[in-house]
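Labels run A, B, C and D following the written order; every chain starts at residue 1.
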Amino acid sequence: MRIAYLGPEGTFTEEALRQYSPDAEAVACVDVPTALDLARQGEAEFAVVPIENSVEGGVNATLDSLAHGTPLMIVGEVVVPIAFTLVVRPGTRLEDVRTVGTHPHAWAQCRRWMRDNLPAALHVPVPSTAAGAAALASGEAEFDAGLCSRIAVDRYGLEALVDGIADTWNAVTRFVVVSTPRRLPRPTGADKTTLMVHLAHNEAGGLLAMLQEFAVRGVNLSRIESRPIGDTLGRYGFSIDAEGHVAEERMQDVLMGLHRACPLVRFMGSYPSADGVRTRPAPGTSDADFIAARTWVRSLLQN
Amino acid sequence: MRIAYLGPEGTFTEEALRQYSPDAEAVACVDVPTALDLARQGEAEFAVVPIENSVEGGVNATLDSLAHGTPLMIVGEVVVPIAFTLVVRPGTRLEDVRTVGTHPHAWAQCRRWMRDNLPAALHVPVPSTAAGAAALASGEAEFDAGLCSRIAVDRYGLEALVDGIADTWNAVTRFVVVSTPRRLPRPTGADKTTLMVHLAHNEAGGLLAMLQEFAVRGVNLSRIESRPIGDTLGRYGFSIDAEGHVAEERMQDVLMGLHRACPLVRFMGSYPSADGVRTRPAPGTSDADFIAARTWVRSLLQN
Amino acid sequence: MRIAYLGPEGTFTEEALRQYSPDAEAVACVDVPTALDLARQGEAEFAVVPIENSVEGGVNATLDSLAHGTPLMIVGEVVVPIAFTLVVRPGTRLEDVRTVGTHPHAWAQCRRWMRDNLPAALHVPVPSTAAGAAALASGEAEFDAGLCSRIAVDRYGLEALVDGIADTWNAVTRFVVVSTPRRLPRPTGADKTTLMVHLAHNEAGGLLAMLQEFAVRGVNLSRIESRPIGDTLGRYGFSIDAEGHVAEERMQDVLMGLHRACPLVRFMGSYPSADGVRTRPAPGTSDADFIAARTWVRSLLQN
Amino acid sequence: MRIAYLGPEGTFTEEALRQYSPDAEAVACVDVPTALDLARQGEAEFAVVPIENSVEGGVNATLDSLAHGTPLMIVGEVVVPIAFTLVVRPGTRLEDVRTVGTHPHAWAQCRRWMRDNLPAALHVPVPSTAAGAAALASGEAEFDAGLCSRIAVDRYGLEALVDGIADTWNAVTRFVVVSTPRRLPRPTGADKTTLMVHLAHNEAGGLLAMLQEFAVRGVNLSRIESRPIGDTLGRYGFSIDAEGHVAEERMQDVLMGLHRACPLVRFMGSYPSADGVRTRPAPGTSDADFIAARTWVRSLLQN
């Protein structure tokens, strides 16, 4: 089985991929759209890409690539704790580090540590934390050190100056496993459904009305992020993770409500939640409640 | 065809009955529960009873009798303009009138006229406007005059002192035509659905949540009245007329939502609206919108 | 001190009056508007009238008389348990009772008992339970028995056939004590505020928006009743009891919101709740929370 | 007057700065936090930084830097149309371009054009579009071309191969002008207020309740973006632009409501809207409406 991922080797994304499938053939891609396109074109069965970071927020490239183009389906998620290692070429000392090549998100998550420990160091952005490590290892880097995942240290033969760097001790990144549309993962009772929804109009009332479609059916959201629709400033769509599976009645009812009320609803998958915490339906929102309600309404019509 | 109604002869209810069915055999009943019970027991095909007056509000006896006991179904409504005639026995002059025997609702609707024209006159409550007229005619009345419908004047051989008395020039009473459950009247595009709904809990939030079940499906209410549930002070149910027919998808969806959210929902009928004004569904709430939404959700499940 | 009340002597209203003020000079009035007018004109310091019954619902005459005309203020409430006594002239036996003269509300509250025990008995409506008793006592009654309060039995020298009749064992009636506008009763922590509110427009959304003014400030309603505005069928105002006192910040904020959003808001008083149950403000809605919020906003303006 | 901005010279941010203040001494900074810190420390009177792009969405570094640390105040906004120029060193032909050094946001906004015109070209991320141009000009670049603002072409003596590149023809970036807290800009009738709000709890209901604080006062939002609070996955705050000025009553009322309901509300300024479109208050939400409501409530308390 081939799985495309946001490369290069040695990133946290590779770590997520290995959690999902230890033995797959991993295909490193230069960016998120490329990884997703491999899945779209059938050159890889799945793609693993980051979607959300507890410090940096949504990963725009992923949110936008999933929301546009040939439909893809999220079939799983993996959550990876994030801490960085400050790496150098053998011989470089901490006090020599003036520039650090790493991905901007990594830099952002170590800002406070850098300010406290290397206040003069400047950030050199590179496409990934592993790319920084690779450049260091090759001797072609324009910077003195990197901030990368532990796995990259060994892979590139670098020296770890400091391990476990993270401004937020419990930082995590959430990755999604994506494929072309296929049979839905079976509901486990602890599931998520991911959607992209555009609003009918852009006032406070529009978002309010959209959220009420969830609230009246007792469906909670675990993530909501606005993304510009792109046609004009101030026009937003919303990327949403809702608790539950589309095989459940209340989620179907939410989706029907959104489909009627919103100019665009894109269903991006229902899949097991990484935390495995079972959703407890609010009173009146279990499948049995929906079925009883439908049976009752049908009985009214049979008079 | 036999139709029971709130008698005696000569009331506005009889007028409503005649509008609905000019040639039916009319069975006058002593009170609303009796009229409804005749329909329940099959001794009359229909019952015609007042449900709402534009001045006095809901008719409690009707609301409560419909809400309890063997289910009945509202199959039609009739709206009758209300104005009263001051009647006396031949020979009585306006200045002789010291007491007026009429139904309390009639009295309430002529209060200002009475204050302006017969300020000293006292009200003697009688069970119906026609009962007052009948008592006057029989010579057994303890009062000098009556306030009744025009039709009662001739029927009881009384003298009309003043016609068209009404504090509110456009006062009307709305009557419902009721039967045992039968085939629903066909939707006309201008329909009403009548419900009794109890709330899950009694806070502002409970009523709010109930109303949102209507609002998210774009269904308007033309009447909402609280009625005590009767078990303790401050516990209320709501008698509701909603615009639309249960054969319409959005109304079915509202009913399903209410059934899930509320401890009691009693469906009391879908029937043509007397005013014939067609309901214009809000965007996204037509039958076609519901069907398209359901088709879409089903397509998601077939992956 | 003179207090007007809905007479005649021997009614539950008199009982309420005595609870409120054992030694006042009680002035029995022929109907609710008359009692309220005595208070309006200063001929009585207070009026005591029924406003709500746990079985029959709101007392329309009171709701409407308070909502129109020269403003009055509710300064207190009294809750009286309701059970009736079947009274007759000495010598009449239960099996002789064919007609019962009582107020329609009393009749409604004993319907089941009557059906079970005197199924053939007919109701003769009289203006009050005590009027029925008085008529019986005077020998001029057209009926065989009365259903009245215990206090009326002795007062009119009648014989009690059955005591404690009530279809609902815990039925109560709530009375309000009313005066011309005066200094507000001091907040006790267990208070009610009574309002009449008209809606800006008549759709489900209008009532929803009105209720949200309460909900966003965490103010619960203990009673809400629709009353026709009277100009056309389907135009309703709402008579509301809200938990809390206008001296409290959150109630002031609700009132400001209603004043801005609704074409008519009539404040009818803040007064101690009869049950004495203290209101526990929802988080963020105490006076201290409001004051802190205002102080913060003012600090923003002082830059 | 000194103004710090997100450098280097030749970026769109410099263009925004010049629109705001043609003659200020412009201080280029290496990143957004640095520019904001110069303003915080008084070394610059203002800082100009991008906050929102019609294609890429919110600028996280700006949103987060404004939301944390010593408070800053937004005093103005500038909107700049965004189109890019493909630049090379003199002599490079379009067909020679294999790598393009530009900021990831610029790359994202030209993705489709690149795919259509230079499908084989790879992206080399650099800290800014101008940095790419500068590197090209210096001869030290590892890439063949840049995508930068028109102003940078001349400044760095480069050759423009293609002008006006933008996947979205009306793309704009919005910049804010920031200072330490000072006297608020005067309301113009066309203003925005920027806030950061954390939710009391994280369910759909929490966001719904927060939005209702705006909706009940008729205040529209022109931007809402979730930002992770950072303590755990799925905990979000919301960065909000609301229409109106804190000097207006309805905005003050919203802020008071948020302060009471939410664990954190950070006011980040009220300032003239770049589009100059005057806000039309919804019925019942003008300053006069608020003042009338307050006067009425005070009159109730003076009894």
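Keep this in mind: contacts are C-beta pairs under 8 Å (C-beta built on N, C-alpha and C of every residue); 3 or more make two chains touch, one makes a residue touch a chain.
Just so you know, these numbers come straight off a predicted model, no measurement behind them.
Student: Identify the chains adjacent to both chain B and chain C in the sense defined at the top.
Tutor: Both-contact set = empty.
Student: For the sequence-identical pair chain A and chain B, determine the rotation angle of the Cα superposition and round it to the nearest 5 degrees.
Tutor: In short, 180 degrees.
Student: Measuring from the mean C-alpha position of chain C to the mean C-alpha position of chain D, what distance in angstrom results?
Tutor: Averaging C-alpha atoms per chain gives centres 57 Å apart.
Student: Where the CA atoms of chain A average out and where those of chain C average out, how many Å apart are those spots?
Tutor: Roughly 59 Å, centre to centre.
Student: Could you grab the centroid distance between chain A and chain D? Build each centroid from C-alpha atoms only and quote it in angstrom.
Tutor: Computed value for the inter-centroid distance: 24 Å.
Student: Would you please write down the residue numbers of chain A that are in contact with two or more other chains?
Tutor: Residues 212, 215 of chain A each touch two or more of the other chains.
Student: If you go through all the chains, which pairs of them touch?
Tutor: The complete list of chain pairs in contact reads A-B, A-D, B-C, C-D.
Student: Quick check: in the complex, which residue numbers of chain C touch chain B?
Tutor: Touch residues, chain C against chain B: 30-31, 33, 52-58, 60-61, 64, 79, 108, 111, 122-123, 125-127, 168, 170-172, 174, 202-205, 207-208, 211-212, 214-215, 219-228, 230-234, 236.
Student: For the complex, which residues does chain A have touching chain B?
Tutor: 73, 181-184, 200, 209, 212-213, 215-216, 246-247, 252, 255-257, 259-261, 267, 283-285, 289-290, 292-294, 296-297, 300-301, 303
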